[in-house]
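Quick heads-up: structures coming right below.
Across the two complexes that follow, chain A remains constant while its partner is chain B and subsequently chain C.
Let's turn to the complex of A and B:
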């Protein structure tokens, strides 16, 4: 269908506030790309500049190689799903979906066929005569989806479309959106602040912070090879644990790492040159084993049962970390136990810049 | 809670609400219902105090009644249309929140603060042959020095009505604009943005999305305006006196203030009031029916 390219795209409000600081990004044909970041990171502004709802301060937006920065939204051949659905209350579901088609002066019979088709795809074929205020939130969301599909755009833009749904519906809509994306194969840009939503939907995730791109990668890449401390902390529930350790001299088995109640060796090539310095060790909760003969002593402070696994809040000296373990281990609160980091499943970060050391 | 307390509580729940509305009710009865009834009674009694419909015959046969009704109708139709279009345009403009839009809003509000009497006086001094309107037109070079336009003394009915409509619009547009602006600001921006994304230009969005979504606000603004336009009189009397451009309500004032000593002055004045009230009711119901305020389905208005 189409590619979207952003070239040095910049947005400055009131000549002062830099909301988007000149970003470069290419969305591939048929790709589901998620812009992820905390609120105020510029992800929605970026999307609105692609849609044409926000003026571009500097830089370019290209859709299929054509610069569209100067075009009004209606000439960009994009469609959008809004956070609050934005389906028009004075029109029936049918009229909402047919709005864009009527403007395009499509044949009446063709409009009927098209609306029925997308209504079926979105699971709202029985609601076409209703008004929006007769629909539940989830149904309204589906109308918004159907309306967006109906125009067969080059690019789909979705601005936090699931954030107003309740938790169960949200997870279900995720699956549905992914299926619809598979069947339409449309290039999609999806904005969210919910990292688990991003992980489950995206082909690639773009993590943004303060108007700049921090990392671009597949869900696996950003999860397992987070570019810096911010990403490692932002992605994952619970997020990466950070322990500050002093790098000792290289011994036979690797570098000697010492910290508060910590003393173990790790063979990690990125540590070369950091001897005698303090670094941040980052480890995901599931990459920690609980074993009787493990090198690190910890106290179990809290247990959060999740059914399939338990989240344990462990205290090591003054530092705390969360680990995800099997319920079979049978830890109790205030019990002392021993743990080990899975070899090769942890990273080191520069404590000053937050960048990963082995990048 | 003891039994006694609970009985007390129940008594209060039964009587309390009536006690709370009592002051408003008393006010309403004495200062609203009583005068209204009195006017109604005046309208159906003759000068001697006997029941009679003579007053209505007199009103309808009053040689000024037909021109007054015509003038009122013309003023209502043209001034409300002009005011709605201008107020809507102004509200849309101010709602765009450009630099200085709040200053524009402030300036646009000024006419609203002026009383009709001041307004009449202002435009009267303006439109007299040596008034400031002619001076201004000369100043900007529209008129040659010494050339004057005679606004007020000409006997063209068209010119007089046009003048009234323009002055009325000048005063009323701000209040209508404020209502529409409030309505516009209550609309979620996403609704209009969705329309732009799905292929509509500004004009189409205004017609298909903004106006229909604003319908109940528009109805409120127009109905308030219709009613007050049907009751226009003070500015007209200030400009032209009672005789030259009669309107319905000025007849009420004419009988009670100008010729209060006729045997049936109050009867005529009251009867005109009742006639106006009936006309206003009919017009309001017609408007609401035409604009679709009745019979709207499930709260969702049909486009």
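Let's turn to the complex of A and C:
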């Protein structure tokens, strides 16, 4: 088991495009770390630099304290699961899994037991004689996982391994991957652009944007204490709602907040110094209560039933927001209703920099 | 029956007619050369040409003015055609072998004609030697067997050169990014702009200076120039079709770059490599004009066949036999290669 450290890691393409802008990151021993971000944010490039598939422009990658930047992939003791599985079509499942072991010149009997072991762990023990084109997408994925486990690497790298699977299988593989991680306890770096995948898998999430790290934290931290507007917007389905409000003077119960069809008070210490300025109020859909005596008037525009809850598209003046409410409330389309933000469950963001005010 | 299904059937019929027309425009000439290669010289110069070669000839011997009169039964006119009147059985034997593809020794003929003392005519069915043209072709044509060996040599060397140079060039063009890549890719095709004849004279001089004039290796080099271009283009698209992740995976799982190429890339590219070696083979095997100019005492098989048609031995049935003989190695090669061309893996395709 191992730790991975990135020190001022930088990648520049064609001497112009900065894909990764010098990031610092430590992956702890046995940790499941997810690199999350929109496409083009540099998360895959970062992982490929750890794997050695991409040349490092500047900075260092250390595995267990040893700098590996100059080593070819085969000497880094990592294993990787690729987005399109990358299992070799001209080899049987057995040969795919055994390939790396054969290169290591392992004993034949030892290879056999190891392959059987990992095949069982990934649930493909009956497919060992098949060729990849005789397998379904999910089975191919399992072969890729088995192949990665078989080499018993210091670090697992997974590059969007679930994105080619259909929705149901994806959720199932998520659980399986997490179980495998628990049983092997290997340090894992997982790349994805799917925030719900990141939330359900990660010990810690690293949110990246434009080649830089925006926030590092546990799923709870990045969800409830998003560092800035980008994270608040990126994490969660539906994402955080943003309302722009004008901060009034401090009154007895708190600051007076005014906006389009909005007028309420909030006691939020971070607002000090923003009197007379416009800020963004961010609130998660589930942190809004629908009550007859609530201060804000809204119109119900759309209802998206989810079974356990309904997603309501509400209109407040010109601004729209989504809220997640119990189906028992019984709202109808175009009905006017009143809502309230749960106190303490909303944050304020600087409208220019997007940073959260109470950080 | 409604109009719609009638129309559908009419369309299908048209499709069949067109495909039959296309197939027969290829197969009929092939059949003709095949059939001609089994005709005797007499048959080959008849008009119109017989569609099927005769397997047996009916021969009649009778007493003539000078000696024994040799006649052959002509089915078309339903009469005997007199061919020869001689006492020299050696001459008759030769005549029968050369013109009728019938193998009878002078002694056998003499034996048969002895019967003429007691009866007015001797009629017998003679079995034609169907492979006569093939035997003759390899006997009378100067150098046919060595030429065949040379042609095989040339074709194999051409494949070797064009796969090793064109294949690596194709891999480079598919996998690496560098300045002037597209210009290079297109400029490779320039060499195919010039017809072989146009550059044959300069080639003679260059090859002579290299000491490779009239040498199999020299011809291989000339052919390779053209097929390297094609091989490069074909293999580029093949290597592009192999996901780079398959190679990266091998490298992550412990393989060196060379090992990755041998274990992963090469087996996956095999169908495409086989296809382009097929092109190289056919190009080198069939080419006649450059070979005619660039060889003197060591012709290729294609040149030998060509000379059989226009040289002093020129006979259409012999040339046909040569042509068919020339097609056989191609067929064998195709059958061997076919196995690999069909061996495509998953989403890796040519």
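Note that the second predicted complex is superposed on the first by the 359 of 359 C-alpha atoms of A that agree within 3 Å, B and C clash if a C-alpha of one lies under 4 Å from a C-alpha of the other, contacts with A are read in each partner's own complex, and residues count from 1 in each chain.
Assume a residue touches a chain if its C-beta (ideal position, glycine included) is under 8 Å from a C-beta of that chain, and two chains touch if they have at least 3 such contacts.
Given the structure is predicted, the values throughout are model-derived calculations rather than measurements.
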Using the superposition on chain A, decide if chain B and chain C clash or fit. clash
Going by the contact rule set out at the top, does A:332 touch chain B (first), chain C (second), both, or neither? neither
Quick one: is A:95 in contact with chain B, with chain C, with both, or with neither? Answer first, second, both or neither. first
After superposition on the shared chain, which partner residues are touched by A:105: those of chain B (first), chain C (second), both, or neither? neither
Identify the partner contact of A:147: answer first if only chain B is touched, second if only chain C is, both if each is, neither if none is. both
Once chain A of both complexes is superposed, is A:168 in touch with chain B (first), chain C (second), both, or neither? neither
Classify the contacts of A:16 with the two partner chains as first (chain B alone), second (chain C alone), both, or neither. neither
Which positions of chain A sit in both the chain B and the chain C interface? 51-53, 72-74, 78-80, 82-84, 86-90, 99-100, 103-104, 131-133, 147, 151
For the complex, which residues does chain A have touching chain C? 51-53, 72-74, 78-80, 82-84, 86-90, 99-100, 103-104, 131-133, 147, 151
Chain B residues within the chain A interface of the complex: 188, 190-191, 193-201, 204, 208-209, 212-213, 215, 297-303
List the residues on chain A that touch chain B in their complex, please. 51-53, 72-74, 78-80, 82-84, 86-92, 95, 99-100, 103-104, 131-134, 147, 151
Touching residues of chain C toward chain A in the complex: what are they? 243, 245-246, 248-256, 259, 263-264, 267-268, 345-348
